Each structure stands twice: as C-alpha cells, then as structure tokens.
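Next, two complexes with chain A in common: one pairs it with chain B, the other with chain C.
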Partner chain A sequence: MLFVAPALALIAAFLVFPALWTLYLGVLKYDLAGSNAAAPQFVGLGNYRDALTDPRFANSLLLTVAFVGLSAVLGQNVLGFLLAAVLRDAASWVRGVVNAVVLLAWILPGTVVVFLWQALLDRGGGTLNALLGTPGAAWTLDHPLATIVAFNIWRGTAFSMLLYSAALGAVPRSQLETARTYGAGPLRTLRDVVLPHIRGHVLTNTLLITLWTFNDFAPYMLTGGGPDHRSETLPVYVYRTSIEGGALGYGSAISLIMLIVNLAIALFYLRLLRRRSA
Partner chain B sequence: MRRILGVVAWLVGIAFFFPVAWMVFTSLHSEQAAATNPPDVTAPLTLDGYREFFGASTGASPWPYLINSATASLVSTLLVVILAMLAGYALAIRPVRRWTDALFFFLSTKMLPAVAGLLPIYLISQRIGLLDNVWLMVVLYTAMNLPIAVWMMHSFLREVPVAILEAAALDGARLPTVLRRVILPVAAPGVAATALICFIFSWNEMLFARVLTGVVAGTAPVFLTSFVTSQGLFLSKVCAAATVISVPVLAAGFAAQNKLVQGLSLGAVK
Partner chain C sequence: MSAPAVLARRAMARVGLYVFVGLVLVFFALPLVWLVTTPFARTPSYRVPAPSFTLHNFRILWDNPYAVRSIGNSLVLAGGTAVLAVVFAGTAAYALSRVRLPGRDAVLYAVLLLSSIVTGTAAMVPIFLMLFQLDLIDNRLALVLVLTGGLLPSAMFILKDFMDTVPRSYEESARVFGASPFQILRHVVAPVVRPGLATIAVWAVVQVWGNFLLPYILLHDPAKQPAAVIMYTFYDEGGQPNFALISTFSLLYSVPVVLCYLVVNRRYGFRFQGGIKG
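For the complex of A and B:
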C-alpha cells in the first residue's frame, strides 16, 4: 500500500478533487465576470435544467453522437480492421511502411496536424482544392461535420490498425484454411471464424476509441465549433461556454453530464465483455 | 480481389502520408516555391525556412517554448515512471488486497473529461498565482499520465516470472536490489515504452497548456498555434516550425511502436 500511496495522492489531488469541485461548481450560478463572479449563487439543479432545455446543448449532444459514431465506431474501427487484414498477408516491408505512415498521423502533436489540415483544406491556397480541381470549395465552412469526421479517422485509425494486427495474429491459420476448403466467402469467414476469436479485442478497441473521441478537443482547433455551431461537439461546447463565455457554473454542469455519459459507455462495454466470459 | 485490396492499402497509406510529406517538403522550400499550388516538387531545397523559424532575421527565438515543452515533458515523465513503477510493482508482483478495485480506480479517473478538470484547476491556479508557470504543467502532466502509466506498468511487470523473484528473495536480495537487478532488466522494454508514451502525451498536450500558460510558460504546441496566426502567410517558415516541434514525438513514437498497443490497450492485447 505504501508504494501505491504517492500515485494515489497525486491522482486524488489533481484528478479527483477537481472533478468533485466541478460537481460543486455545477450547482452554482457562477460566472468569470459580473455580479455572479463575486458572489456565486446556489441554484441547485438549475444549470442542469437549463442545459437539458437548451437547443444548443441538444444540438451539441447529437453532433457528438454523430461524430463518435461515424469517425470512431465506424470509421476508425472498420478502416483499422481492413488495413490490418490486408497487411496481414502483405510483404513485411510493406506492412512496416504502411504501419509507420499511419502511425505518423496518430503521433504528431495536435496543433501540428490541425495546422496541416487547415493549410491543405484552405479555400484559396489549399492543396486539396488544387488536386481535386474544385477551386474555392470551403470544406470547413460547407461541411464542418464531415471535416471533423474525416480528420478524426485520419488522426486515430493507427490505434485500431495496430490493435487488430495483433488480434488477427491470434486467429489460427488452420481454421481460415478449413473455412476456405468448405467454400466459405470472406464475409462468412469473418463472421464465423474471425470475429469469435477477436470479439474481446473489438470491444476493448471500440471502448477506448469511443472515449477518446467523445472527449476529443481537436475539433475546436480545426473549426472552432462553427460555423453556426455545426461542429460544436460537447467538449467544444463546454470550452466555448465556460472558458470563452465565462459561464463556469453552466460549463461545469455540462462537464458532469459528459462524465456520466463516459461512465455509462464504459459500463455498457464492460457488460458486453462479461457476457463473453459468462 | 487481393490485388485490388493491395492497391487500396497503398492509396490509404498515401492519403495518410500526404499531409506530413507536404509539411516536410514545404519546410525545405523557399517562401516563393512554397506559395505555388499545387506544390512544385522540383523546386530547389533550402534550409531558409528553418533559419527563419529560429529567428535569423527577426531575432525572435522559439527556444524558450521548446525548453518549456522539454521541461514539462521530461520532468513529468521521470516522475510518472518512478511513481507508476512503485504502484505497478505493488499491484502486479505483490498484489495488495482488492487490487482489481485499485486498478479500476486508476482507470476510472481517466474517464473524467479533461475539459471538466480544467475549470477548477484554472480557478485554483489563478487564486494561488500559478498560472503561466511551467512547474504547474509538470505536476498536471504527471497526474494526468499516472493512471494510464500505472496500468501499463502493471501489465508489463506482471510478465516478470515469479520464480526469479523467489530466487532473488531466497538469496536475500533487498527490495532496491530486486527492483534494479531483477525486475528492471526483464521489464525494461515495458518501462521504456511507458516512459515514451507519457513523453508523447505531455509534449502533445494542448488543451491545458493553451488555457493555463501564456508568454512565460507557453509550450511549443501552443507557440505553434500563435505562430500560425501571426506568420501563416510564410508557409515555409511555419512548416519548419511544425516539423521541428514534431521531431521529438516522432522519435519517441517509433522507438515505442512495438509496445504501444499492448501498453495503451491496458494489457488486453499481447
């Protein structure tokens, strides 16, 4: 216990205590400036009531679900699996090169990749428009959700790819060959031979990328949540209302709703995992 | 079918690589060549972008920001490794009672949305005058990386065979000796991977750095954002900046590549 104590103390002080303080801030009418800054007022569940009736919150929640569903659960998962499956039989140097290149996107600092995407998607001087022959197309303005979805797939697929590469290595080749001998197609093989072996990996991977994407702040850097709140996912919403707008109490209430959603997602996946072992 | 899939894999690979290749190429071009669109791949290469980034003509040096980032990442990584090794050791090799509960507690703190912790931390550091202080970032990054580091250490240290620990105990080795001479050699790759991953996370962190630091303690990623705003028209210079800021994490990332997934999937994948 002596060895665990220092780590526990640090985590308690800098992660748990702030979270509890967030809980407390969430029941206050507390702003960075104005009369509510000097004397925060107790409003009970008022902030939560405000959030749940605020169309901007509903919009943000919906966008977050779409963002997570499209870019993580579908995009990163499927693309990562396909890459891993294709590379499994590729020459080892090909596998090495593609792994390294996909990993680049995952490792680079967020501000660097955001700058690169902004430069490439730029309306006037962006290389994407020059390559596609669509001069003047304003990707971030006309398709904000699609932009952050594509960005997050590009950014995060590496993890799923590496994880599925490791997982597919555990599928016995003899079973794949048996399936082929009996004339099973790729989809059939996937469902009946591969998936049962890697079910745990799929769940673990989906849990992690769901949580990372749900809490991801990068969309703010890319589109600023706009235009007209059309890419304002929940972390962006919290940042804009509390840090930029100064509504600390309201922002804390929304953070806490996010925390509850996070826990719900984690519990849901743990349930699915347990069902396997039962 | 197989051939088509191979081609698709290559195309996806190129799509992933393209922005990075563009960055490095543009950083090596003169500003005039960098301004052509689509990029002119035959343009002569020059290091002017890098010279300009390091302040050749303006005298504005990015070194303070790079040093801030290095301090925050390296010191916090060192602290994380020491603390996580102790905790991981206790949980993996000498299981404390209810160790799964402890592990889950560590993991659950990782579910707090970063943005939720930001508000109280901002208010407290403002009150005690720690805003824009690099040591605040050191402590925060240590705390932020600890949960995942403890998990990773636990998963790596668990692989140390119990037999050699018993042999060491039989020979009368004390704990520091056991840690240094028995456990470390076996777990070294895992410890190194944990350290590299924590280094990457701290170096890349941008949300807290953006809100809690300013001109004094600003880290390199935050500096890049303001550099893009002020110097965005000079593509070559900005690309040089982005490349320089990326080099440390790229080096760390490729060194850790093989252990990355085992570590980050919390030992669920071997």
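For the complex of A and C:
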C-alpha cells in the first residue's frame, strides 16, 4: 500500500481533481478579477448556453475540426504511410537521410520549432518567400489555417511514419510478390493485400494523432490564434478567454467539452487495444 | 503490354518516386536550415544567412543572465520530474505487479485513460486556478508535482510490464535472508528492470524539456522560467527579436534532446515504442 500511495496521491491531485473541478467550475460565473472573483454565482448551464450561442466558439470548433482533419487524419496519416511505403525499398542512405530530418522535426523542442517556422514564413527575409520569389507575402496573416496545418504535418508525421514502417514490416513479402505476378497495380495491391494486414494500425494511429492534435497548443505559439481568431483552435480559445481574459467559469465549460471529446477518443482507443489483446 | 512499354512505365514510376522523396526532403529540411546556419552568422535575422562564420553570437548568449539560468531551470524541472516519476511509478508498478487484486488491470487502464483525457491543455484552467488559490504560482516544486502527475499513469503502465518479467524466486531468496520490501525493490528488482527505468527517465526528461504550456501559465518570474518559456522574452525594447540570442539559444537548447535521442537509439535501437512520444 505504501508503495502505491505517492503515485495515486499525485494522480488524484493533478488528474482526477482537476477533471471533477472543471465540472463544478463550469456551472459558475467565476472570473479571475472583478465582482465575480470574490463571490462566484451559480449559473447552471448558463456558460454552456453562452458557448453554444457564441459565434466565436462555433468558429473555434469548426477550425479545430478542420485543423485535426486536415493536418492529422489526412496529412500526417497519408504522408506518414507514403513515406513508410516508399522508404521500404529505398537505398539505405536515402532512408537514413529522410528518417533523420523527419525525426528531427518531431523531437526538437516546441518553442525552437516555432521560431524556425517564423524564420521560414517571415514576411521580409523568410526562406519561403526567398525561394518562391514572393517577397512580402505574409503567410501567417493571409493563410493562418493553412499555416498551422502545414506546421502540424511537418511536426508530427514522424510518428505515423514510424508506426507504419513497423506495420508494413509485418506484411508478408510473398503476398506482395504474388500480387505483382498477377499484374495487380499499386492501388489494388494496397487495397487487397496491404490494408487488410494493417487495418488495426491505421485505426490506432489515427486515434492517437487525433487526440494529440486536438490538444495541441502550438497554434498559439505560431499565430497566437489570429489574425481575427482565424487560427483560434479550442485550446487557444480556452487559454485566451480564461487565462488571458480571466473568464474562468466560461473557460471551464469549454474545457469540459474538450475533456468529453478526449474521453470519447480515448475510450474508443482502449476498446480497440483490449479487443486486440484479448 | 509490350516489354519496352512496361520498362518505360517502371522508369516513370521511379522518377515519380524520386521527385516525391525529394519534395518531402525539402519540406522537412527547409525550416532546419535556419537552425544550423544562423547561430554562426555575422548579422543574424530571420533570413537564412549567406555563408559567414563567427562565434560572437555565443558570447551574447553567454552574457545573458536569463538565458543561461533558464537552461539550469529546465534541467531542474526535467531532472526533478524524471526522478519522481521513476521512483513513484517504479514502486507503484512493483506493488501492482505483485499484488493479486481483482480489478487491478481495470485500475491501471482507468488511470491510463485518465491521463490521456486530462491533458495539460484540457485541464489548464483548473490546474492554474488550483495553484493560484494555494499561492503556488512561481513554485517550482509544485510544477514538478503537476508534471509528474501527468506522466505517472503511462510510466506505471510501461513499468508494470517490466516488473512482471522479474522472476519471483529472486525476491523469495532475498526475503529468506530477511530483506525488507524496500531493500528487495532497491537491490534485487531495480537492477533487473534498469532498462525500463532508464526508458522512463529519458522519456520524462524529453517530455518536460519541451513542455511550454504548464511552465508558461504556472511560472511568471523570468528568473525561474525554463528554456521553453524564456525564449519569448528575447526581444528588445522596440519589440524586435534579438536574433543573436534566439538562434544560439535554439541550438543550445536543442542539442540535449538530439543527444538523448541518439543515445537511446544506439542503446536500444529505435524501434517503435508503444505510445511514447518524444
């Protein structure tokens, strides 16, 4: 018992309690400063009603769906798979070089990576403008969503690539050769030979990267949620309304919505894991 | 299809493949160019510099009191969290591995589920408010405990697998000689599961080293902030980024994670590791 106590105490204090407290804070009108700071008022589902009628919340939710869908479910997933498939038969030095840069993008500290992207996209001396011959193009201002999508694909593809490399290793070569002998094209081979073997991996990968991207705070560091809320995903929205703006009750209501989405994704994932181990 | 046509198609496919790999390589390498060139540039800016070499920028870095101290702060946070995570997760995993309780696995799955739901982003409001009300903002020990709490479930989960592999006969013979449970854990079990403990320690260090959000909202005193947060203060009075400082600091701050990765890679061979994200 003594052995388990410290771990359970920390988990209770910093995981269980915050989750439950969010539930409670979400029904209060509670601000960091002002009259609602000293005496929070009970407003029932008022915060949730406010959120559902707030166009800024709707905008944020939509942006989050687009961000997760485009950068994780499509971007990281497809690019990661293609890289794993292509590198399987590539010369070993090609594989080494590609692996190195893709992994580097994944392991460097977030703050550093954000500055690297500022240098890439900068209006005046940015590398991208220099290469494309488009001096003065303000990528982060004109295309904020595309910016955070491209950024997140760059940042996270390594995970999918590693997972799919391992998964593809389990597809029997003999079956691939049989498919080739019968003249099956790459698309048919993919559908009839490869996919049945790696279906579980595709699902696992998609769920994990969805969970991580949904909770990713990097868009705040890259664009601050702007301009004009155009890259304000849910984590950024919560930060700006509650920590910056001090609306703790309202922010908790949004947080609870995030917790529920996380719960749904995680439960789905756990069911998968258990079914496979059973 | 005639033989030359098949050959031509294969050649086209090969060319297409190389173009694809080339484009991917450019996409991933482009932002990294700035990181390795700018620290040595005579006039550092967002522009990737023309070849020139100077170590003057490192002098500026060395003379900045906050920069050097923040690396120390990062080390304290990462080291503290790693030690607590290894000790608490180790003891808990050992106990859970040895005790036969009905529903033990359910508890493990439940805490694992909890940690993937209650992420730093989704729980930033309650965690910030809890430490704010307890007057623990700017308290580094509190931050270490929060960080440890978030990492413990995964750490316990991974370590329990390692503990399960330790033969019980070792412990029984130690017990015959009158060793206490703590002595058995420290002198008999820990040496056997050392690779597992090392994995958890490295993983915790990498996680904390790059973490931005939690230190950002919980530490407001620049003298206590870690590297991830301090970089945002490297601007002069006019709001212009201090490129000499930012570029050299980025490099210095990135080197440890890259080294960590290389060491792990060399010792254990970088195979795909469950849900471990660096």
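The rule is simple: the second predicted complex is superposed on the first by the 259 of 278 C-alpha atoms of A that agree within 3 Å, B and C clash if a C-alpha of one lies under 4 Å from a C-alpha of the other, contacts with A are read in each partner's own complex, and residues count from 1 in each chain.
Just so it is clear, a contact is a pair of C-beta atoms (placed from the backbone, for glycine too) under 8 Å apart; a residue touches a chain by one contact, two chains touch by 3 or more.
No experiment lies behind these values; they were computed from the predicted model shown.
Novice: Clash or fit: what happens to chain B and chain C when chain A is overlaid?
Specialist: On the shared chain A, the partners clash.
Novice: Could you look at A:N47 and tell me whether it touches chain B, chain C, both or neither (first, second, both, neither)?
Specialist: neither
Novice: For A:N152, is the partner it touches chain B (first), chain C (second), both, or none of the two (neither)?
Specialist: Neither: A:N152 stays clear of chain B and chain C.
Novice: Go through the superposed model and pick first if A:L267 touches only chain B, second if only chain C, both, or neither.
Specialist: A:L267 contacts chain C only, not chain B.
Novice: Check whether A:G200 is in contact with chain B, with chain C, with both or with neither, and answer first, second, both or neither.
Specialist: first
Novice: After the superposition on A, what does A:S71 contact: first (chain B), second (chain C), both or neither?
Specialist: neither
Novice: Looking at the overlay, what does A:T210 touch: chain B (first), chain C (second), both, or neither?
Specialist: After superposing on A, A:T210 lies clear of both chain B and chain C.
Novice: Would you please give the residues of chain A that touch chain B in one complex and also touch chain C in the other complex?
Specialist: Overlap of chain B and chain C footprints on chain A: residues 1, 3-4, 6-8, 10-11, 13-19, 21-22, 25, 79, 82-83, 86-87, 90, 94, 97-98, 101-113, 115-120, 125-127, 130-131, 154, 159, 162-163, 166, 208, 211, 215, 217, 221, 235, 238-239, 242-243, 248, 251-252, 255, 258-259, 262-263, 266.
Novice: Can you tell me which positions in chain A touch chain C when the two form their complex?
Specialist: 1, 3-4, 6-8, 10-11, 13-19, 21-22, 25, 79, 82-83, 86-87, 90, 94, 97-98, 101-113, 115-120, 122, 124-128, 130-131, 154, 159, 162-163, 165-166, 208, 211-212, 215-217, 221, 235, 238-239, 242-243, 248, 251-252, 255, 258-259, 262-263, 266-267, 269-270, 274
Novice: Mind pulling up the chain C residues that touch chain A in the complex?
Specialist: Chain C reaches chain A through residues 17, 20-21, 24-25, 27-35, 38, 45-48, 87-89, 91-92, 94-96, 109, 111-130, 145-146, 148-150, 152-153, 156, 181, 185, 206, 209-213, 217, 227-229, 231-232, 246, 250, 253-254, 257-258, 261, 270-272, 275, 277-278.
Novice: Under the stated contact criterion, what part of chain A meets chain B in this complex?
Specialist: Residues in contact with chain B: 1-4, 6-8, 10-11, 13-19, 21-22, 25, 79, 82-83, 86-87, 89-90, 94, 97-113, 115-120, 125-127, 130-131, 154, 157, 159, 162-163, 166-167, 200-201, 204-205, 208, 211, 214-215, 217, 221, 234-235, 238-239, 242-243, 248, 251-252, 255-256, 258-259, 262-263, 266.
Novice: Contact residues on chain B for chain A in the complex?
Specialist: The touching residues are 2, 5-6, 8-10, 12-13, 15-20, 22-23, 35, 37-39, 83-84, 86-87, 89-91, 96, 102, 106, 108-124, 139-140, 142-144, 146-147, 150, 200, 203-204, 206-207, 211, 220-222, 224-225, 228, 235, 238, 242, 245-246, 249-250, 252-254, 257, 260-262, 264-266, 268-270.
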